[in-house]
Amino acid sequence: MLFHVEMTVNLPHDLPKDQADRLKATEKAQAQELQRSGKWRHLWRVAGQYANVSVFDVSGAGELHEILSGLPLFPFMQIEVKALCRHPSAIADDGA
Amino acid sequence: MLFHVEMTVNLPHDLPKDQADRLKATEKAQAQELQRSGKWRHLWRVAGQYANVSVFDVSGAGELHEILSGLPLFPFMQIEVKALCRHPSAIADDGA
Amino acid sequence: MLFHVEMTVNLPHDLPKDQADRLKATEKAQAQELQRSGKWRHLWRVAGQYANVSVFDVSGAGELHEILSGLPLFPFMQIEVKALCRHPSAIADDGA
Amino acid sequence: MLFHVEMTVNLPHDLPKDQADRLKATEKAQAQELQRSGKWRHLWRVAGQYANVSVFDVSGAGELHEILSGLPLFPFMQIEVKALCRHPSAIADDGA
Amino acid sequence: MLFHVEMTVNLPHDLPKDQADRLKATEKAQAQELQRSGKWRHLWRVAGQYANVSVFDVSGAGELHEILSGLPLFPFMQIEVKALCRHPSAIADDGA
Amino acid sequence: MLFHVEMTVNLPHDLPKDQADRLKATEKAQAQELQRSGKWRHLWRVAGQYANVSVFDVSGAGELHEILSGLPLFPFMQIEVKALCRHPSAIADDGA
Amino acid sequence: MLFHVEMTVNLPHDLPKDQADRLKATEKAQAQELQRSGKWRHLWRVAGQYANVSVFDVSGAGELHEILSGLPLFPFMQIEVKALCRHPSAIADDGA
Amino acid sequence: MLFHVEMTVNLPHDLPKDQADRLKATEKAQAQELQRSGKWRHLWRVAGQYANVSVFDVSGAGELHEILSGLPLFPFMQIEVKALCRHPSAIADDGA
Amino acid sequence: MLFHVEMTVNLPHDLPKDQADRLKATEKAQAQELQRSGKWRHLWRVAGQYANVSVFDVSGAGELHEILSGLPLFPFMQIEVKALCRHPSAIADDGA
Amino acid sequence: MLFHVEMTVNLPHDLPKDQADRLKATEKAQAQELQRSGKWRHLWRVAGQYANVSVFDVSGAGELHEILSGLPLFPFMQIEVKALCRHPSAIADDGA
């Protein structure tokens, strides 16, 4: 099942730099592992924002929440979720 | 170049039904032709909304505007556009 | 899978009364049939609003959209959807 | 009487971890006790958010406020309350 | 039980004047009857707005909804409801 | 003259507890003194919020501002003010 | 007593032109009469908007409402009211 | 003096087509005449919107308002105005 | 040229009191000097808010920005600016 | 390709002054270098705000993001991006 997710990151300016670096490195590793597994189906940067637009392909809302809340930057992100389904004008299922 | 586009349709309730049907049929034909050409790269329905989330792959903002403003439902849609680029954690370019 | 849905109805004042009455009667019949089937799991009125708060139990976003977009009042409703999952402090699964 | 309550938690990043852990553990214990008593009738997690959707069954606004303001995370939560009543299309009272 | 209610009226400009006058006259009669019964406890005009701030004293959310949805101007009003309870610094119960 | 005032309190989590306690105690004393004087005509708690809805009866905007800005929690409150007047359907002046 | 009032006009496009012209002419006459009386103390156009920023000097909220609700364009205006008082850094009372 | 102006056009769907065409043609002629005069310094289309971003170079707010309110589409536009001045990091005055 | 300016002050609670006092004293001195010069034409307090409504009479946007950004509380203020011009119904120019 | 960018700066009040000064100096140097290169095509200050309105002329969204995210003040800025294209009424291409 597909979910459209927008994540906007707000790191507090007084977060120690090494802690921030560790968070970002772990975040990147998890994001790449999830992409390789096929669960994080699309990941794009929004130009000019510390934000991404993503599409997840998961078994349901429970797995989606487990993934998102497990991201190291989760406490610093504003997240919007939309459930997606196949569009009647789509020529392919595109995962939906 | 990739653009993330959200379209929400608001058809006036006093639009004659046959006019609405013609608009929707032409909209669908154009959407499918644009998908086949590769320009309308993704098209999903947002569950519970008369709305879609789309990704366009076009030469630039001019071509994007030409496509969107040429859609029959354009006068009845609220549209939000975001320019996308490759995310540093993405394992593939995914069009960006 | 559970979805939390809020629907707010805005009927245009110039909608003919008999058309509005037919829409509401069909809406009520469909809502009750969906409750009996177990798909429309909860349905409450928001006090002071022509609005409801509902919980749907469906196979996924596709079925949810089919149900909502098939409601006679769909063209006149503003709808917000949230995907639900089990809360770690919940003592029962409550459908999630 | 039923109230629909949405709680979104924002823990400050500089809250000491052991203090946060104690708050969450006490919150969980109170939430479960309130569920067992029947007052916290439904509790779901909103997917992708540090937030829940709940339904409370209490004697009135006074008891609702006593419960919510007594939660350990109350100072860190944004809370929205809606009073619920029976929907004319509901096939059961569902607590309302 | 007390509810704080704000009502803002938006009459469509093409509503026939005699229909609007009838609606307003019936609205006024019902409002005054409800005040005499003690259920519509306070009713003030917001300066500069076609709006009021009110406090209702009713048995619960069900009775509140019955009253509000029965007002002739209900289809033309935007309504916000807040459940009230006694404030810990209040020197009298003031109905709560 | 009547003013409708909504106050929402946001105490910073790192405000020392004894300072917060002193502020609240003084706030309560002032609120009760103002109620006894008749200037703070109504004071209710909004259920589920660290907030109140109040009605002040003062000589004008100057006195209102003097009272509100003199409250110990004023620096931590978001305040909305509406000027009230008598409603044409009100059966009593209710202070307006 | 001073009130700061912002009025934004939205005339429906299907309002007959002669009716709109009569409304505007009467509005202008009333606005000028109120300025001459000293009650409509300031009246400025907001550049680029069919809107004004005004300051009224009236006996209280009741008189303000009587004036504003008596304007011919009142049904077509969105109005925001702020009660003003003397600023501690002001070198003159400026009506407050 | 420079003003940054964003205009978003909302033509009612029941505006007769020939009237809309006349309005647009006159709008275009005026816009081009104002560009030639140097007063309408920049004019860009926002991709995906029936909207433009513009910069005007006028003698002041009065002339700006005269120009904008004289546009044939003014009654159908939502307009936002920002006054611009020279940025301390700008390497040229760019009209400001 | 006239500008309508609304300033809302948010002083951080952990700003040292003597620093805050110095800022406010300097702010007051500058505000009074600017009023005496005629540039800060009106200055009112918004009742119930740490905020003011002001009208400035300056040579243009550049001078306005120089004045506002030079205020000691500028870093702690949210500021909204509107360019004003003469209203067609105004009986005097009132600076515009 | 042209992008319209609005940047609003929010420097935390507890950012050490020398660090803030260094950030601003580097920001200015980069902004001027980018203007000289032709990529930062327009840069204006918004009167009364710590904000600018800019137009960038870059190869695409990727280059835009690289420039913006490389600005020293990027972590402290709220940024809005709009893709621009040629307006049908424009008498010159103006970069679009």
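Per-chain numbering from 1; labels A, B, C, D, E, F, G, H, I and J assigned in written order.
Here, a contact is a pair of C-beta atoms (placed from the backbone, for glycine too) under 8 Å apart; a residue touches a chain by one contact, two chains touch by 3 or more.
Each chain and its UniProt protein: A, B, C, D, E, F, G, H, I, J = Muconolactone Delta-isomerase.
For clarity, every value in this text was computed on a predicted model and none was experimentally measured.
Matching A-B against the pairs in D-E, G-I or C-E identifies G-I as its interface repeat (over half of contact pairs the same by residue number). With rounding to the nearest 5, the Cα superposition of chain A on chain F corresponds to a rotation angle of 145 degrees. Each chain gets a centre from the mean of its Cα atoms; for chain D and chain H, those two points are 50 Å apart.
Chain geometry summary: the mean Cα position of chain F and that of chain I are 27 Å apart. Taking each chain's centre as the mean of its C-alpha atoms, chain B lies 39 Å from chain D. Chain D and chain G have Cα centroids lying 45 Å from one another. Residues of chain F in contact with at least two other chains: 2-3, 14, 45, 47-48, 61-62, 64-65, 81-86, 96.
Touching pairs of chains, sorted by label, consist of A-B, A-C, A-D, A-J, B-C, B-H, B-J, C-D, C-E, D-E, D-F, E-F, E-G, F-G, F-I, G-H, G-I, H-I, H-J, I-J. Interface residues of chain G, counted against chain E in their complex, comprise 3, 5, 12, 14-15, 61-62, 64-65, 68-69, 74-76, 79-81. Remark: chain B residues 11, 13-14, 45, 47-50 touch chain C in the complex. Contact residues of chain H toward chain I in the complex are 1-3, 60-62, 64-65, 81-86, 96. Contact residues on chain E toward chain F in their complex (touch as defined above): 2, 4, 27-28, 31-32, 35-36, 42-48, 52-53, 55, 82-92, 94, 96.
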